[in-house]
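We call the chains A, B, C, D, E and F, going by the order they appear; numbering starts again at 1 in every chain.
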Amino acid sequence: MSSYIFVVIGAVLVNNVVFVRILGLCPFMGVSKKLETAIGMGAATTFVLTLASGTSYLIDHYLLQPYDLAYLRTLAFIVVIAAIVQLTELVIEKTSPVLHQVLGIYLPLITTNCAVLGIPLLNVGLKHNLLESLLFGFGSSIGFTMALVLFAGIRERLDGADVPTPFRGTAIAMITAGFMSLAFMGFAGLDRFQ
Amino acid sequence: MLTALLIMTGIAIVLGAALGYASIRFKVEGDPLVEKIDAILPQTQCGQCGYPGCKPYAQAISNGEADINQCPPGGEEGIRKLADLLGREFKPLSEEHGHEKPKSVAFINEQLCIGCTLCIQACPVDAIVGAAKQMHTVVSPLCTGCELCVAPCPVDCIAMVPVGETVETWKWKYPVIELRPAA
Amino acid sequence: MIHSPYIRKPASVQSVMLTVLIALIPGIAAYVWQIAAVVLVNLVIATVTALLAEAAMLKVRGRPLAPALSDLSAVVTAWLVVLCFPPILPWWATVLGVLIAIVAVKHLYGGLGQNPFNPAMVAYCAMIIAFPSLMSQWPPAGQLDLQTQLDLVLGGVRELDAITGATALDAIRTGLRAGNTSVDALLTQSAFGQFGGRGWEWLALGYLAGGIYLLVRGIITWHMPTAFIVGLAVISGAFWLTNPAQFASPLFHLASGGAMLAAFFIVTDPVSGAATPHGKLIFAAGIALIAYLIRAFGAFPEGIAFAVLLMNICVPLIDMNTQPPVFGHRGGKAR
Amino acid sequence: MNLQSFRESAWNGLWRQNTGLVQLLGLCPILAVSTSVVNAVSLGLATVLVMAVSNFAVASLRNFIPYEIRIPVFVLIIAALTTVVDLAFNAYFHDLYLVLGIFIPLIVTNCIVLARVEAFAAKNDPVSSTVDGVMMGLGLVCVLAVLGGLRELVGNGTLFSGIEMLVPSLSPIAVFGNDYPGFLIGVLPPGAFFTLGCLIALSNWMRTRAAQRKHAMLRPAAPVADEAPSAP
Amino acid sequence: MIARLFNFRGGVKPVSHKNESSATPIVKAPLPPRLVIPLRQSIRSTARCLVQPGQRVLKGEHIGEGEGPLGTSVHASTSGTVVEIASFPMAHASGLETPSVVIEPDGEDRWIDHAPLDYRNVSRNAALAYLRNSGIVGMGGAGFPTHVKLGNGSGIDTLVINGAECEPWITCDDRLMRERAAEVLSGATILRELIGARRVLIGIEDNKPEAITAMRAAASGVGDTLEIVPVPTLYPAGGEKQLIRVLTGIEIAQGKLGADFGVQCFNVGTAQAVHRAIHHGEPLLSRIVTLTGNVAHPGNYEVLLGTPVDALLKLAGPKADTDRYIMGGPMMGIDLQSLKVPVVKGTNCVISASPALFPPPPPELPCIRCGACARACPADLQPFELYWFSRAKNFGKTQEYHLFDCIECGCCAFVCPSRIPLVDYYRFAKSEIWARERDLKASDQARDRFEFRNFRQEREKEEKAAKLAAKAAETRAKLADGTSAGAAEAPPPVSDEDPKKALIAAALARAKQQKAAVTPQNTEDLSPETQAEIDEIEARREKLND
Amino acid sequence: MSHRYTAANTSLRTAGIMVLFTVTFTAVMSATYDATRPAIEASAQEGKMRLINEVLPPSSYDNGLLDDFVTLGPTPQLGLDDGGRIYRARRAGAPAALVLEAAAPDGYAGRIQLVVAVGADGRVSGVRAVGHKETPGLGDYIDPRKDRNKTQPWIGQFAGVSLADVAAAKWTVKRDGGAFAYRIGATISARAVSRATGRVLEYATENRDALFAAQSGSRI
């Protein structure tokens, strides 16, 4: 039981996808200007990533491994993920058009949110079982959402700061992300005691 | 090789069918975004953006045909709001579409007006009151200052006068930040 | 044009910062007396660096020098950097730390008041990650003569193995990690005093005195120190009660490392911390919790700096969601 | 494809729409592998290869791909090509393969590859798409090289560490001598963010200056744009 | 007796500087050479002018008729001649001008006929109309019409009379209560009866012991419905919401009225003015103004409304180093841009400011988020967040942080160690937001009208098309008719003169008919003002045509 | 897209195209995989050999080392949680050396994977850290490629040492009273590697004969 909890904690904090694993940065930088959109993107990613973790575990475990087709893993995973994303996109477009417009190019780019492929691959590498895979996917995407939302909070406030001109906009955002990553290094080691 | 092909084909068939179905099941109609964009545009209806009125321009932005910086009456303020709504980066007003001007209203010189009704026809918001061969008058609270009535007037009796400040419309100024010396 | 109000209370940022500097003096005195007098040299180096760096940044950015230099906030940052760093760092490390704090943190965000992160803590975190060995070499309390200290700081001498000893926090940590010892056995080592690191107990008292002065002067409110101290005591107490052999007591945690300094001078940094009353409680308690987890389970000997940065990240959200109800809106929760 | 549009493509990829500095896409590999010049450039070149070929493939096949499944198909193409590149490297450039390790499969998820396929190759002819892929990729390589160089220099005080893995006769340069203590932040994740942030700021500064000059030439003493150009 | 006092959070204690002007009795100010009486006494409404240049007026004569629901009458403060009706700067931060009646006093100060009102024997509405015609508005500063605040006479339990006078330097209410306590109490009683309240609470800050004593002495005969309550001295205890909170514990949210909670609040000066109006039949013609600050003779003066500030200042003798004048108190007053500004109903104080007394603030530093402002804010806001987002022009966020709950009391700016002119940022943000709302309304209106026009044009086009189609059908039918009839008739001879003439005639007739029936276009759904404007233009047009 | 398509039709069509692409590209991949497999395997062998050559001189044995191995189940003494392999070097049929896969579980940042070669004479022939997450610039000197001291890499100090030279209890860093050097500021990494190497040596010494005797490819 507790190992499941540690999987989640490790994925959320200690090995935060964004700050420690350096995955999923494009949406992290792109969709964090406003709190609202950050939350939306986080939710979308959580949904896709959790689903993708489960599905790819099933595919890997029941289709690829039995037939010794490990070299197809990248392809199979990414195709499944792409399809899930596309489905999500269609559903969001129908149910929340504004969210769809705002998430703009990023929704299809969830496919290439490295995290979405990276996490299922890591699941395989870490030899997680189905539940662990789901939890790891969920935890990682919660970590992603958390990073995104906290970052958006800071960026909203940065709007008012008298930042030196060349640093305005993405440069200072990047540097802020650096400080956040520095802070997250403080969690290092917390998962060794699981 | 064969198993690989079979497995991947199976995956592809399932996913392809699901997607094809979803794309029809979840087809979107209507575009609430246009309304949102239109709500930001100033409704001057001047056509400077290159579209016949604000709504068509909103439609064009939503379709990705027009840029967000083509509306001079909306000014930088408006562009900023559009950029915010659409998650794009702010850019300054495009030069070819004109410049931001202080708000004005049309004023018809009562002595000169011959009552030709040309201005009435030009005005997009029905802000001009009058009838044929009668002197016309601009109802200034309704006038958006689009200047469309100025050109058609055959006797040049329409002038745009800037709207003056009253106690009601007076605004507090942005406090000067002493830290930033005037560059 | 000046508008109302036309009268103002005689308060200024300068006087606030000056009060903080004065409040640090008892702690510094204890430091000189118990640990290493060379800290005074470091303070001078840091102060000069901070002022020069601030002046240079203002100059580059075309801002007026006088108001920003005379507000003393850079000096506060510089002193806190020094007090968190080991006293026997070579001088360039102190300079580098202060530069990180002032240039990279404070001025990249536009100077005083605009940095979302605590400059001194960023400096500490950056330096401990960049120079882990340098940054974790502390002199044993009061055992180095001034000449050796000066050699270490200014002369570039670095034969540390003979000189440094583990500090209380590190000794506990590595001791327990290596297994087969208990807290009590470790506490008999030379690094430990009555209930904290040897000598550091006096520092804690000094900082406490300064903190009380700040409270009395109204520079800080009770929320943050209380929440931090109570939070740290509660969490460490909980672990200690479950297993006193493997977890140190609350008193130890409060009296060692930077706990007291943090409680009154670091957690309370107004610029990068939460500002609403409830927000302050959450912020400080959060720091206590994370700091304890890092101390007890993490990779770093002292977790406070990382905890402060982690909570700095949360400040906008904390502040947004802990606004006190506005006059007349009590009862209903204001967003 | 004429010279003009070639120039356009090159300018776009290398500077105007640079993926790392302006579009901010494909950030993960940029930040993750730029711990040294050698890592950075080798991965960059592998990416160029994948981009060029996938752009070419998509542009050639674009008329056969239905809209609804375009993303899965694009991804399929990219993933297949990446796997091919991965296998080929493994077989024929084994040393290089060892150095890059898991970063080659990661090309699949590099946003910029899909972004260019979707935004350019799906709408243009194969030749200009290939050029676009190469140029965008080269832009990436440049950023990677600078970033990797800076981080390595600051973090370890060396340049080209790992070069002996590729060319055994070469060895890394210890720029600051062997006593340099190393500013580790440089090679750790925070350092990646800081360095890229500073590079972006530098590029903003250069862009504003260029814009100012142009402005000054057109209209002397025009007010300077306050807003630094940045990502969409 | 009320059992206990409540308190509000925040507040500040600036040095009170009351003694300078509170020691001497109220002095009646002499007639100035000219009175400038603005028709707009507050920004809410402008009175319609009833006099013309050259007209002689008596003291108390109507010169302006209140218009609209928030209008009140304006009267001549003394007898004399109207010399002009022109724009003069008004007592407003903008320094903008407003139409004013200029009266040259004849020195006789001759009253118009006036008589008290037996308010108990007339209908309540008549009494309120009487107050409206007497020009009674709130004298606590905001100038809100008193008859409106008296409401519909039900649902009010407690009447609060505001004698707090919490701003430093001002002592006009203090002197009023000391010298005319009976009148204030009489006015309070009238207000209580009109509003139908059970009890009256008169709150006076405890730094005015003499006023409290005087009021208590006067109150001893009034009965136990009325109570004098000393309240702790803490700015802004005189703010309506704060005083109500202190006296009753009730908190009135922004956008809500005291009446919603069963309390209503009037200033002591207002009560006294009501007394004068009802029991003596005197409209509001003068008020007590504190002259203080850097002057030789600080004190309180009873001043005719319309007295220009420069004439008034001569009485107090500003000292040489005075560099500007503040109307109102130092916390909320306005810096006068012109000394031509006249005393109006809300003018309680004019302060001469010298750099020594009111040093200009040192340069603004960035906010360090110290929270001092939040602790001082009586509205429990987070002023630094308001400041941060106002400065960044993120107005949405300022509203999320309740910008409009700010009462602009200035406490936050008073305590700020960075000496940021915080209130200026809020005022800026508020007026920007208002301007945006105006623009939004205008653009909504424009959109509606634009869409309606498009719709109309479309409809007209359709109608035209339908008409054409009908006509075409008709001709075709005619043609068909003709052919079916078998008559191989030639088409109407084009050269024939008669039909042509007939056609022209018909066209002319049609045109005439049309002209007779012509109605001005675009006159649907106009506001009354616009309609009035159009009527006026029509009238002018008639004249032009004649 | 034309409106004539019904939902079912569209699904079928898109599925068909999807399948087409999938088949094509999977075929491309499979073909590449088949084509490159021998080369990849050769490269992998070559890589492994190169590593082994670093810890064991090629001249010291003459058998096909990579084909002469035993498989281990989880072996705590070697730090192996999931098992590993031990390769056997022979010279003219006689035991020459063992090459053991092992791990130090207590590195600063988790496991440090090691390859240790132990000669038939009970002396360590060489040690390499083949996988670790120690702090770059601080703990990563255990990898000779990252070691700043190129002439005498830290990891080289184990070569030639036997249990006879250094008793089992002394296989740790000098600070702990052991025999091995370490770098200040990163004792933990050094301690972990030293102790793990000691354990491997003990294991190899104890089980030498059994290991050499076992059937090649068998599982112990």
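Here, contacts are C-beta pairs under 8 Å (C-beta built on N, C-alpha and C of every residue); 3 or more make two chains touch, one makes a residue touch a chain.
Being a predicted model, the structure only gives us computed values, none of them experimental.
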Between B-D and D-F, the pair with more C-beta contacts: D-F
From chain F, the most remote chain by mean C-alpha position: E
Centre-to-centre distance between chain D and chain A (centres being mean Cα positions), rounded to whole Å: 21
Length of the line joining the C-alpha centres of chain C and chain F, rounded to whole Å: 44
Between chain D and chain C, distance of the C-alpha-averaged centres to the nearest whole Å: 40
Distance between chain centroids, defined by C-alpha means - chain B, chain E (Å): 35
Numbers and ranges of chain D residues touching at least 2 other chains: 68-69, 72, 76, 80, 83, 87, 182, 184-185, 188, 190, 194, 227, 230-231
For chain A, residues that touch 2 or more chains besides their own: 71-72, 75, 79, 83, 86, 156-157, 160, 162, 164, 167, 169, 172, 175, 179, 182, 185, 188-189, 192
Shared interface positions of chain C, touching two or more other chains: 64, 67-68, 104, 110-111, 114, 126, 129, 132, 134, 299
Of all residues in chain E, those that touch chain A in their complex: 366, 388-389, 391-392, 394, 397
Chain D - residues contacting chain F, complex: 35, 64-69, 72-73, 76-77, 80, 83-84, 87-88, 90-92, 94, 97-98, 155-156, 162, 178, 182, 184, 187-188
Chain F contact footprint on chain B (complex, rising order): 1, 4-5, 8-9, 11-13, 15-17, 19-21, 23-25
Chain D partner contacts - residues on chain F that touch it in the complex: 1, 10, 13-14, 17-18, 21-22, 25-26, 28-29, 32-33, 36, 39-40, 43-44, 46-47, 135-138, 145, 148
Of chain C, residues touching chain D in the complex: 104, 126, 129-132, 134
